[in-house]
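Heads up, there are several structures right after this.
In what comes next, chain A is part of two complexes: it sits with chain B in the first one and with chain C in the second one.
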Partner chain A sequence: MSATSVQTATPRWLGLWPAAMLTLFFLVPFGIMLAVSVAHRDVSGFYEWSFEWDSYARFLSAFFGKVMAVSISVSLTAAAICVALAFPFTVFLSNMGHRAQTRILVVLLSALALSEVIIGFSLSTLLSQTAGIGNLFHWLGLIDEPRAYTPSLFALITGLCYIGFPFAVLVLYPPVSRLDPEIVEAARVMGASGPRAFFGVIVPNLRGAIVGAFILVFVFTLGSYLLPQLLGRSEHWTLSVHITDQAVYQSNLPFGAAMSVFLMLVALALVGLASLAGRERGAA
Partner chain B sequence: MTRALKTTYVLVILALLLAPLVIVAAVSLNGPQSLRFPPVDPSLRWYGELFRQSEWLVPLRHSLVIAACAAALAVAIALPLALYVWERRGIAAKALTGMGLAPFALPPVISALGFMIFWMTLGGYGRIYATIISHGIFLVTLPLVTISLGLKGIDRSLIEAARVMGAGRWGVFRTVILPLLIPYMVSGYAFAFVLSLNEYIIAYMVAGFTVETLPIKIFNALRYGYTPILAVVSVIFAALSALIFGLIGRFGNLPRLLGAERSQHD
Partner chain C sequence: MTELRIDSLSKDFGTFRALDSVSLDIPNGKFVCLLGPSGCGKTTLLRLIAGLETPTDGRIYVGGADQTEVPTHKRGMGMVFQSLALFPHLDVADNIAYPLAIRGVDKATRRARAEELLELVQLPGLGSRRIHQLSGGQRQRVAIARGLSIDPQVFLLDEPLSALDASLREHMQIELRQIQQRLGVTTVVVTHDQKEALTMADLVIVMKDGVIQQAGAPMELYHTPANAFVAGFIGTTNLMPCTVADGVVSVLGHAFPITEGDRIAISSGEAQLSVRPEHVLLGAPDEGLPAEISFLRDLGESLHVLMRVGDQEITAHLPPGHGHDLATGQTVGIRFRDGEKVVVQ
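Right after this comes the complex of A and B.
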């Protein structure tokens, strides 16, 4: 480090281009959005510049309270299911051979990259009356008539778990694969059984990583926009759906922007919390 | 737990992830215009239909053009950013890294609304270049992460050696750093390409009514009822993602790209 500090491998001006691009197309849009969130709503569809807290005051309404309650409880449920399923999955995965790991990661990445619209369509087909599991249950004699399981809260949470699971595995993968295998080995040598080594050694060592992953999956599912519309009923719409609804269909940009600023603050706080939790333990 | 039980657990979950796609693949083979499982009159008719109907071909072309350009833009921003941040520790480096990571860490609807208001104010709303730039900025994180990983793996002594032999900064970059970074740039490009192809909310809010991408087209078509073409498009998209990630896995070190440090090639 000391020898290289004389001349770094890259010149200073190299930072100018990315700084300019990110400032212009990322910071400036945020600035404008902040300004719009305190602007006055113009009934003709846009807004007039002004400074008022009206849009933020609407957060105190029962409507907003209900939207928040739905968003948070749906995402919390999905995040809890995802992490509970993904943690043992990741531990087993990281102990496999390189080739098997690569193949499984390809499947996970493909599922993660899949458009929400395709996932929503696939799941609604799977849960539909004519082509879905209802047919299978009917054929097995479990139910009298094939039926549809969508739209429903169950379908929505299934969908959120579908997008959240690969994400949870990928977030857990680095800390889990870095866990020293000798710790587990030592516990086994001392006579701990498989499940005891798992719950007594692996889980406590990765507590921070698990909490961090839980928060990140929560933020990730909170951002889901299409699944609540495709798989849920309108009472299951989340904050993301309402932001778009206000901005595009209700022509109330200031209120949409205010909700968006609120969501951003919540997400930033949570992401910060997650990185603290991840640093505290496990991510050695 | 025994080895067999662990493998079963992993396989059951993978099967659940694949189940909806298997159903959709089967549904795409329906002969008549209906969604039935098992398929009625299996045929590949709708696969041909996709490439004949311009209402599907135009969004397909939009999606490909946007993904190809946006991923290139993301790499063009991420490469100098990663090089600048490499070996630097000041506030500027921290702020730049933060800006590079933030768009992806936040719920996408926030960036989408920000971009929408931005382009409305500046006048690019509804244009394809607005979608391309928005996607490019949104996806900077992916090549940034892969290229930074590549830089971390570069052996300092190689650079010292090149310098001792008389290479200047540009020479070192061209002959040592760049060749070592290319695989990471390619995988960063591929990640960004696939995600842009599948991205909905930003494309929709920036130019959804004029520049229809494939995910937007699928969503719009869903409202008018099901046709097997929807299943065909889903199958093609899933296959394309799997192919691209499969290629990265085949020619690169996917576990390392995703953060595992121990895993080596067999």
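Right after this comes the complex of A and C.
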């Protein structure tokens, strides 16, 4: 009854609008990218339309393997750290008063308003030798000489986590705050210590949300382009940086396009795998 | 021996005093109902016993041992929550055996114990079901089985049957009582339903505003309420302002002589008279307190006669076969059965 009335209230052709937009702004560019990825590279300038696998063949090189491994492991690490921090934080947050919860969520949301550029430059200043925490540690006598902590893998992961953390909290917050507090109390009465109730009852009941937050941060940081250049060394450059490097600076558009296609497939595969794992465990 | 002793227990939430110096002695193996309207402190008392709240003042002894400072998870209690709080990520048997798993009992023993408890709550063979596959009544039974799986020192239940419909609730009350009698476990149930308390309890504790109004056997509370609140809360009754003097109780300008068996709390002065509807007798207008019939409610099993004397409403319940000659608007004379007048403060 209600389903049919909803259908009559919303005409079907309304669905054409988003479909058209998706086609125009997603499918068409993706098609162009696919076509370019199999085009022939013209060293002197741009590319010529053709059909060859040369660009994809370069994936087999050791260099490319290393870039891929760095990209994925940097994103996985950032996602893992974000979720590991955001989950207990969100559980703690949901136990606070309503006023405090709202305030903290607003602060988190305003952190999202900062652009990657501002975050990147702020962190590189904070971690620098001349004006950063290295000076502070030296002043406190913790280290002998002021030193820089950037560029480094540590700086890069810190930056990515700074960006990913609010997203992780926002994904986790609704299910965490909806969790029946009596479930935790029940576990406590039945003999579970605090940590045991946390890992044995809270975590398994929110597995879906945890996987969701992990996937979101992972995909989000996988496409990160600016921070690896600002905070990382060249060996920490992610695939996105290399794509830009190939497309813009090396004038190798076909290879850049092929890498983009590959990045997308890898992201899709990992998202699929993770959600499959989440569902299986959740239902078992 | 797991008798439960509460010694002048108090609990403040900010400036609000939820529980005010409550003392109780619950003998081993008794079924106790904490009864009262919402906000009376009954759930707070239960949570204090479970260790889910920390008392502001007072002590809790279980089996003679002071448990006031013992953390929740070391108290060895069984508890059924109002929301049931079953674990959706575990199957029925794992839910029931969760307290055993925490205590490191091996899997085979856990499964056997879960099956034993499922038989006790009349759900044999459902151990491998998921919680969302169960009906409300079945979930209720699983929650009870889980609360009993470690042979708890004290079995605590917080409004356990409130989510069930009326007929299933009555059925579960009887079943819960039978299970408790078979196991002999000291049990404390929080309820706001006086019928539930009368059905199940050895001992009913009526609470209001964080203070115990009266504690006693159900029929003791029914027949000899300590005050007007208890009289009104346990069963249905007619409460009327009255004056006691010289062997008579005067109600609404009519004097009723005090007879043997009447429970009169004061020798003289103003108080409240409580008479159960089944003890209100009707006769000719000149035979008692004249009242006008405002409504007749025939339920087959009894006839409820609603009457008015000025602003005071008085209800009589007549057994089947009586009162067929009554009509709305008619004036009758009210009398009270000898020995059934209760005067309370």
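The definition used in the following text is that the second predicted complex is superposed on the first by the 258 of 284 C-alpha atoms of A that agree within 3 Å, B and C clash if a C-alpha of one lies under 4 Å from a C-alpha of the other, contacts with A are read in each partner's own complex, and residues count from 1 in each chain.
Going forward, a residue touches a chain if its C-beta (ideal position, glycine included) is under 8 Å from a C-beta of that chain, and two chains touch if they have at least 3 such contacts.
Being a predicted model, the structure only gives us computed values, none of them experimental.
Asker: With both complexes overlaid on chain A, does A:Val189 touch chain B (first), chain C (second), both or neither?
Answerer: second
Asker: In the overlay, answer first, second, both or neither for which of chain B and chain C A:Tyr162 touches.
Answerer: Only chain B; A:Tyr162 stays clear of chain C.
Asker: Please work out whether A:Phe30 is in contact with chain B alone, chain C alone, both, or neither, and reply first, second, both or neither.
Answerer: After superposition on chain A, A:Phe30 lies in contact with chain B alone.
Asker: Quick one: is A:Leu170 in contact with chain B, with chain C, with both, or with neither? Answer first, second, both or neither.
Answerer: first
Asker: By the touch definition at the top of the document, which applies to A:Leu153: first (chain B), second (chain C), both, or neither?
Answerer: The answer is neither, since A:Leu153 touches no partner chain.
Asker: Looking at chain A, does chain B or chain C touch a larger number of its residues?
Answerer: After superposition, B is the partner touching more of chain A.
Asker: Once chain A of both complexes is superposed, is A:Pro204 in touch with chain B (first), chain C (second), both, or neither?
Answerer: The second partner, chain C, only.
Asker: Would you check which partner chain A:Ala80 touches, where first means chain B only, second means chain C only, and both and neither mean what they say?
Answerer: A:Ala80 contacts neither chain B nor chain C.
Asker: In their complex, what parts of chain C are in touch with chain A?
Answerer: Contacts found on chain C: 50-52, 72-79, 81-83, 85, 87-89, 98-99, 102-103, 146, 150, 156.
Asker: Over in the complex, which chain B residues touch chain A? Could you list them?
Answerer: 1-2, 6-7, 9-10, 13-14, 17-21, 23-24, 27, 34-37, 77-78, 80-81, 83-88, 92-93, 96, 99-100, 102-103, 105-118, 120-121, 133-134, 137, 140, 156, 159-160, 169, 172-173, 177, 194-195, 197-201, 204-205, 214-215, 218-219, 222, 226, 230-231, 233-234, 237-238, 241-242, 245-246, 249, 254-255, 258-266
Asker: Along chain A, where are the residues that touch chain B in the complex?
Answerer: 3-4, 7-12, 14-15, 17-19, 21-23, 25-30, 32-33, 36, 46, 85, 88-89, 92-94, 97-99, 101-111, 113-119, 121-123, 125-126, 128, 130-132, 135, 162, 165-166, 170, 173-174, 177-178, 194-195, 198, 219-220, 222-223, 225-226, 230, 240, 243-244, 247-248, 253, 256-257, 260, 263-264, 267-268, 271
Asker: Flag every residue of chain A that touches chain C in the complex, lowest number first.
Answerer: 180, 182-183, 185-193, 196-197, 201, 204-205, 207, 282
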